[in-house]
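As written, the chains take the letters A, B, C and D, and residue 1 is the first residue of each chain.
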């Protein structure tokens, strides 16, 4: 890669062994099982703060904390919700000229306190540098809205609210954006099941399908028992049932693959 | 008495019957031709499945349209909703009676003229009746009681009323040369002068051609339909046969406008250079064929333009008319008058 | 920022003289182009009658070679949308030892055609055929069991 | 005085010009647009949630289905992010093969944009001419990647299979003839007075507003902002090829049209250079068969997709599945401009504005 992160932060070496130590992995062809030899970890005793971070901490001192860099070499800082507006305003208008809000999102660390991180990815059109700003957010609380600083935040914050349920205080129009207004729950939270909270309802629909109505749809070519067993329940309804059917599977578990 | 009956009743009825019979088919084939030509322009083949090279497609289409369910929206004004496509088609068909298709032939000792009714205010009547089409479109859009058709109808009304002005001024220039309002008379005037009016009135012809495309709601002036904005415009809610009637009306109107254009500027049924004796062998081709050939060319032009240009916006369309075409046509009229006065 | 000198304003709109405007020059140019195209060879294929062949690399409908399948479950595991289902048994029924699939079906209505199963299969038993006509009249027919997967599904070719 | 009422018009979700299932509620005064409400989400499939439950290889097919008109670019964005997370190297051959493929996808995407944009404005012939060329590119994808639209082109570390025999020559031949085709499109549109009246001065957004609204890609460059991530933060070997970034200052739909037309030419150049530079060697991936990223390792990687800044923000979770995968969709951010850009215009211009933004609803809703 052209811009392989040259200034590896402390986090980098941690990634490499983890990536490699898994030879018994769900084996595919063993040919290329070994990864690139990891670039020699450079355990710098005292990692130099990124100049962007340095400028920021120079301006705000303790209000922002340095969180190193990500794998692309983008500095990460953390700010408190109370100082966020002040910090962000300076980032846009100050020396760093971070005039472009690239993305807003949140991360759900279910057990951590505060539960969410609201993450802002900033960019400077002109200076070509990036900055990631994180801000903790407890469930049910909120962080100040950035709409006044970057109009781009309008929909991005609505999206984050829609999917994570993090409030953005002062947002002029904080509604759901993708999901219907009466949707329950916030899908990207970790405790939200993959196939949705209305699993029971869907199962009933599926049962109805499998019972009488499905045959009606098929008309004369009514599906015979053997064929149905062969086809399995996943065919008929919208949902997949993980186990091959022993008999009527009324209860379904969320998809467990991937664990 | 018999002669009177034959000349005034039987012959016109037969003419009407033949014309309508041919026209029903012809419209279908204009649609097919349009699909084919557009396809050729766009590097594809167009309808190929029904009959050889899709030649039976119009029949399949009309059958489909007749058999389709005829929906009337619940909230529509039913009477007007049903009436408006009929208005459009009736107006378009009526104008056909006034168009001279040829010199006429003599059959069983009776001269059958090439026109059903040679009225001495022919062209005025055509413009007047075709103006009625607007009512059908407005009523159709309004009676659907739906938003897109309403917008389409509004556009259609404004557009057709405005372009009629430019159209009429362009026609006037030709009429001044001809000195008559009769469609047959116009052609005969060109025969007398020995020159088609296109060569003396090119500007009027240009204006007429642009205005005629706009007047028939065809691309790039198909504001009223504008399927990418108004999803079909005034006939969004129509389906089946009623929708087909609008279609029939549109294509008949195209035919009529092309016929007027040919009659007025391209010598109607006359062969090229009607007074040059050296080309007399061209008279072997019947006059009706010359006429149809010219009309076909214009119909091709319609399709060709549709395949080439993007669509104007509603306000730009009006600006084009009021700011360019109408002033230009008035100027043209003035110049024509002055020159004729000087030459007279 | 780019290194080009494109910051200099480029007159984006082409300029036209009055005569060019009045004589509709650019419109006539366009019409000339479309007229030329009217007579050029056409590029479309009359689909149900003619069929274009696809490249051998094309990922079409999944097929399984029953005789080589060792029932290792890798395809089922890697499938991102879980459309492959199989059960394997140990035995000698089919003239070979080891595991073999007793129960194998693929729901093509859910398949992503991503090719991951083909890639992980250690014996190249599951593979994408070049067949792309998978339309069926009811959803149950989109599910191919081992018999169909092995011998190929019936394609109703359009006649006439 | 007559009482006048605001006219509310539902445009979409089923409308020929909303390019999918976008719904705009237009508040009209006559035909003049006073305000636009944008309603979306009809195509929301929860891709980001799905990505949190599938492993790093399994996620590649999902990225196809976000911006399905330029699927290889989405694959590239995702795969490069994973490579950054794991620190995997890409072979030279894979690097340039990828570059050629994604630039072809940019051409294909812009072609389809032109086709639909011109169709919306009423030039229906463009639809067929553009899809004709796009079809050729899709054939290349079919041969090299296995599928035409949902390519699942790359995997972490490289490509999934080597390029087929004769592929490079065929692509180079296409690159030789393609600029002439672009010229033909321009004959039909560039100077056409109707096209100009429909696009010049329509959908104006100034450079500053565009940056503040988070617009990217041709939306920025059509507003006079000289910014292209391929130049600004080179990734994927773009710093080794020579190309120009077209910038037009008029901030209107016509500028953006010119930008995209020129980008098609520049992409052709990049493809030619990339294929010339592509060495022999191994093209398939060097990443481990089971990618595991340590907990807390994160990366936000952006690429310049045909629509603009496409970003992937991923966090490793210590397992073989990402803890978080956020897709920064260019269509979504660009679509924010539809309100500001279409205020005061007519209905027909809203169609132009939607077309000029070049949205893909799969990308907007994810």
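Going forward, contacts are C-beta pairs under 8 Å (C-beta built on N, C-alpha and C of every residue); 3 or more make two chains touch, one makes a residue touch a chain.
Owing to the predicted nature of the structure, the values given are computational and were not obtained by experimental measurement.
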item	value
Third chains touching both chain C and chain A	D
Pair joined by the larger number of C-beta contacts - A-D, B-D	A-D
Of all other chains, the one whose Cα centre sits farthest from chain B	A
Inter-centroid spacing, chain D versus chain C (mean Cα positions, whole Å)	21
Intercentroid distance (Cα basis), chain D paired with chain B, Å	45
Between chain A and chain B, centroid-to-centroid distance (C-alpha), Å	62
Where chain C touches two or more other chains, by residue	1, 27, 30, 33-34, 43, 78, 119
Shared-contact residues (touching 2 or more other chains) in chain D	54, 58, 125, 132, 188, 192, 227, 232
Where chain A touches two or more other chains at once, by residue number	26-29, 126, 128, 255, 257
Residues of chain B that touch chain D when the two form their complex	38, 41-44, 147-148, 151, 219-220, 222, 226-231, 306-316
For the chain C and chain D complex, residues of the former touching the latter	1-4, 6-7, 9-10, 12-14, 16, 21, 26-27, 29-30, 33-34, 43, 54-55, 57-59, 78-80, 112-116, 119, 128
Residue ranges of chain D in contact with chain C within the complex	54, 57-62, 64, 125, 132, 135, 139, 142-147, 150, 152, 160-161, 164, 184, 187-188, 190-193, 196, 200, 224, 226-228, 231-232, 244-250, 254-255, 258
Sites on chain B touched by chain C in the complex	37, 39-45, 48, 304-305, 307-309
Partner chain D, residues of chain A touching it in the complex	1-5, 11-12, 14-16, 18-22, 25-30, 32-36, 38-39, 70-72, 74, 76, 99-103, 105, 107-108, 119, 121, 123, 125-126, 128, 130, 132, 150-152, 154-156, 159, 163, 176-180, 187-188, 192, 194, 255, 257-259
